[in-house]
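Each in structure tokens, the structures are laid out below.
Consider the two complexes below, in which subunit A is the common component and subunit B and subunit C are the respective partners.
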Partner chain A sequence: MTAEQLYGLCGAGLVGLGLFGLITAELPLRRIVAFNLLGGGAFVVFGVIARRGAAAGLGGDPVPQALIITGVVVGFAATALAVTLVRRLHEETGTTKFDQDELPPETVKLSDATLSGGNP
Partner chain B sequence: MLQAGGSLLVLALMLPVIGILLIMSLDARHTGKIALALMPAGLAVALAIAARVWTTQAGLEYFIGGWAPPLGVALRADGISAVMLVTTSVVIGAAGLFARAEFRQPDNQPEARAPLMFWLLLLGIWAGLNAVFLGGDLFNLYVALEMLTFAAVPLVCLSGKAETLAAALRYLLFALLGSALYLLGAVLLFGAYGTLDIALLAARIAAQANMASPVWPLALWVALALMTVGLLAKTALFPLHLWLPPAHSGAPAAASAVLSALVVKASFFLIVRLWFGMLPGLTPWLGAQLLAALGAAAILFGSVLALRQARLKLLVAYSTVAQIGYLFFVFPLAANPAASTASAALAWTGGWMQLVSHALAKAAMFMAAGLIAETLGHDRIAGLGGVARVVPITVIAFALAGASLMGLPPSGGFVAKLLLLSAAVSQGLWFWAVVMLLGGLLAGGYLFRVLSPALGPLPAGWTPAARIPRDRQAVALVLALGAVLLGFAPLKSYDLLQFGRPAIAGAVTR
Partner chain C sequence: MSAALILDACLVLLVLAVAVWTIAARETFPAIAGFVSYGLLLAIVWVRLSSVDVALTEAAIGGGATGVLLLGAAARLTDRAGRRPAGIGLRIMAGALCLAITAALAFVILTLPDPAPTLAPQAVAGLPATGVGNPITAVLVAYRGIDTLLEKIVLLLAVIGVWCLTPDDSWGALPAPWGTARQDDAIVLLARLLAPVGVVVGVYIVWVGADDPGGAFQGGTILAAMWLLVMMAGLIAPLPATSRRLRRVLVAGPALFLAVAFAGFAMSGDFLSYPPAYAKWLIKLIEAALTLSIAAMVGVLVIGPAVRKR
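Up next is the complex of A and B:
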């Protein structure tokens, strides 16, 4: 196995872990970490692609490297925004959980939703 | 290379950003005025771009810094970009006028935070939308999408209430999942084709298709699937719609209008760019049918849930879930390998008509719902009795917008659904036509649930919670009228949607 393949598989593994966490985790903070894993996996894959594209005496294609830096900054901003929201939610409600299976509030039964039902 | 008219594209990107910088650096009292002053300018630029695309009958292109792709980054505007730019500046301008009184900086007091954030974020959304509609580079589009998300999420929780914070967090997590999948797909495409420019990708993929026995890299289809699913999460297509109703119903009315009318459409626009722009004539047929099936499920599910809501703003939000579904009929109907070019063009036009008429109608509807909630002090549908006697203009706006959503002639929604319907029937895909008709019926049902009590008598001893100025009601009415009058647009003007787009009919079966 070449180094590139190893790195590529690592990236794919990170993507899988992140995706699993983002979908199944209950705490928002865990989901935020999972998002970072997923993003990190994508960047590792991009790094391998840069390495594969190495030419003209360079160790790697410089375009992906520049884009990874930008992506890291965007991911950082996203994480900061998400963590701020979690903190504010904690300040307001004393918990960082939000109910996963929260029903849309105050739904009415179809049979009650008659045309004249709104009149007091 | 500075193409004639190309600098207009730069101007469209820069105007909102100039506004943000001015607001940051000038006295807070001018916040709203600066934003509002820029909106007519933005509309003028969008109209100029549309006029240029119309007269040249081709797309505009601008290479940033004079560097052509693959080295540089291109901005491109074709017919659909021009239409989206104009729609965006109209809806953003209306939202600005609507919010002028609500988010005014108080006189002779230290600057308030909510107005400052509202105007900054509104301009941020505008900048993000324009960047999405003009972007020609997949990575640039990723940054534009993120910019849009970062501006849209805080708008949801502007009131700072716990439930809006939870809604914003849920929205952000869905959006981040979407952008991570999109980024991964873009990375795989770069690995397979060595460029991120959509036009270059399309050329390289087409060159491959023209070979005697094309060997498709697995990466292409994996990337397309990843990016599509990611963008679907941001578009809130069923079953990834869970975040939309709480987020859109919790935001201030002007913000809900922009979020529902425009922000969810930006990611839909990108899916179309990928499926039709990057893979001209190669659209995977099964995938297109799957998207339409999800759209059909969205129409039925969203409409039934809208029918069951007890609150007006949630009803309007679920109606957005349903109306988004119609957009996805474009994929099988405009890319049907068996369809004639004329029939595919009908579906293409119908899809964009649906997008624009829904944008105008839904913005009007959210504004009307916000005004009704203000005047009653609540938005329970059971307590709407007689509201039409208090704010008649608002209820007329709501009804007109509703007529377009139901697809009543002569509204824009009617023309859109008629075009999609006739394309579906002429291509033998009648089951999609059945869903469209059912969706119209259900929309009629949930709108009558609102209008019937609203037109009834006022309860005795009722006093309004707030007086609603006429000009705010007029903004909603003008948008709703726009949605209706769209149905009167001359047939010739539909040609704009076709300019600069790759040939779409004729997909490969896969």
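Up next is the complex of A and C:
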């Protein structure tokens, strides 16, 4: 096995792990973390394809490498927006969970008090 | 099996172990600590994949900016995971789906065509026309400049989206304070000592990005980190969303990029084309303006909007 294949398998594993976290995590913030983990894996897979394209004295194909940099930046922008949404949700309702039935009693009380005191 | 391959295998196992920890940790804070380590380990993976430019980006964004963003959110959110996590049925189904996707990706990785397709010779062949020596910078600002232009617009849209989440009665207020550092706290000393050095390093990374690994985004993120550090230490106040100075810096880079792109019609007959005689200077000018805007955008995205006073 070559080093490229090894890192490619690593990326494939990271995509699976990240997706699992994205589906099963309970808190939205943890889903955002899992989403970033998934993104990192996808970038590594793409990076392996860039590395295999090494030619003309370069260590890798610069086109996919540049696309990965753009992807990392866009992923960061999406993450920042998602985190701010979750923070605002918490500010409004006192919780970030979507399923109100599964909340422990004290959180529900806080949530109701905030809702009646704040915006309807 | 060579020694390098054994080291690679150890690195891969470490990355996967940290990833499992990040997903499986019960509390949010240790999970995010795991994610920051994951970002830094990925930066080493990128060096091993001969992508130093990506490694710098990953370390600055994956380990740095995203880490601060997530830690800041985790400190404010009081939510805890419930006693009962996702149902066992859902977990088994999700696990099967994720295994299938990983297996499909692994199959693709192991059966990639040989020899691999590459654009590296074309990228190197076009370098003299751009005047820069780093092919990745050439791809980002020249060959596929439209991608980078749109990426900056995406960042601006994210800034607008984050500001839109300001509660109505707090518009124009300062973003939430970053803790209450006292004059004799270690972070104040750190901010005084590190920030000047960090600013020089950030500018250096942008400057050498023309010919060596580095560039506007990597350098701009370092500048943003220094801005955030000085704000965390309480040495300067954050700027409100209504600050005209801040808004000018935010749009300066994308606006100049767009102006040069349209000027391309007059100078060399096409959108986003640089006349070869001035290509390097135009690229450096765009990168310099973008660096300032990127620093402001990353800083604003990490700080977040003003919060309602209780």
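Everything below uses one rule, namely that the second predicted complex is superposed on the first by the 99 of 120 C-alpha atoms of A that agree within 3 Å, B and C clash if a C-alpha of one lies under 4 Å from a C-alpha of the other, contacts with A are read in each partner's own complex, and residues count from 1 in each chain.
Convention: a contact is a pair of C-beta atoms (placed from the backbone, for glycine too) under 8 Å apart; a residue touches a chain by one contact, two chains touch by 3 or more.
Remember, it's a predicted structure, so these values are computed and weren't measured experimentally.
A.B. asks: Now for A:18: first (subunit B), second (subunit C), both, or neither, which partner does it touch?
C.D. replies: Touch partners of A:18: subunit B and subunit C.
A.B. asks: Please work out whether A:81 is in contact with subunit B alone, subunit C alone, both, or neither, and reply first, second, both or neither.
C.D. replies: In the superposed model, A:81 contacts both subunit B and subunit C.
A.B. asks: Have a look at where A:52 lands relative to subunit B and subunit C in the superposition and call it first, second, both or neither.
C.D. replies: Both: A:52 reaches subunit B and subunit C.
A.B. asks: Contacts for A:93 in the overlay, against subunit B (first) and subunit C (second): which applies, first, second, both or neither?
C.D. replies: Once the two structures are laid over each other on A, A:93 reaches subunit B alone.
A.B. asks: Between subunit C and subunit B, which one touches more residues of subunit A when both complexes sit on the common chain A?
C.D. replies: C
A.B. asks: Which holds for A:70: it touches subunit B only (first), subunit C only (second), both, or neither?
C.D. replies: Both partners, subunit B and subunit C.
A.B. asks: Which partner does A:35 reach: the first (subunit B), the second (subunit C), both, or neither?
C.D. replies: Touch status of A:35: first partner only.
A.B. asks: Is there a shared patch on subunit A that both subunit B and subunit C touch, and which residues make it up?
C.D. replies: Common to the two interfaces on subunit A: residues 15, 18, 23, 32, 45, 49, 52-53, 63, 67, 70, 74, 77-78, 81, 85-86, 88, 104, 107.
A.B. asks: So in the complex, which bits of subunit B are touching subunit A?
C.D. replies: Touch list, subunit B to subunit A: 139, 142-143, 146, 149-150, 153-154, 157, 160-162, 165-166, 168-170, 172-173, 176-177, 179-180, 183-184, 187-188, 190-191, 194, 245-246, 304-305, 307-311, 314, 318, 380-385, 448-450, 452-454, 456-457, 459.
A.B. asks: Which stretch or stretches of subunit A touch subunit B in the complex?
C.D. replies: Subunit A reaches subunit B through residues 15, 18, 22-23, 28, 31-32, 35, 38-39, 41-42, 45-46, 49, 52-53, 63-64, 67, 70-71, 74, 77-78, 81-82, 85-86, 88-89, 92-93, 98, 104-110, 113, 115-120.
A.B. asks: Which residues of subunit C touch subunit A once you look at their complex with the stated criterion?
C.D. replies: Counting only subunit C, the residues touching subunit A are 4-5, 8-9, 12, 15-16, 19-20, 22-23, 28, 31-32, 35, 38-39, 42, 45-46, 48-51, 53-54, 57-58, 61-62, 65-66, 69-70, 73-74, 76-79, 81-82, 84-86, 90-91, 94-95, 97-99, 101-103, 105-106, 109-110, 112, 116-121, 123-125, 135-136, 138-140, 143-144, 147-148, 151, 154-155, 157-158, 161-162, 165, 167, 215, 217, 298, 301-302, 304-305, 307-308.
A.B. asks: Under the stated contact criterion, what part of subunit A meets subunit C in this complex?
C.D. replies: Touching subunit C: residues 1, 3-21, 23-27, 29-30, 32-34, 36-37, 40, 43-45, 47-63, 65-70, 72-74, 76-81, 83-88, 90-91, 94-97, 102-104, 107 of subunit A.
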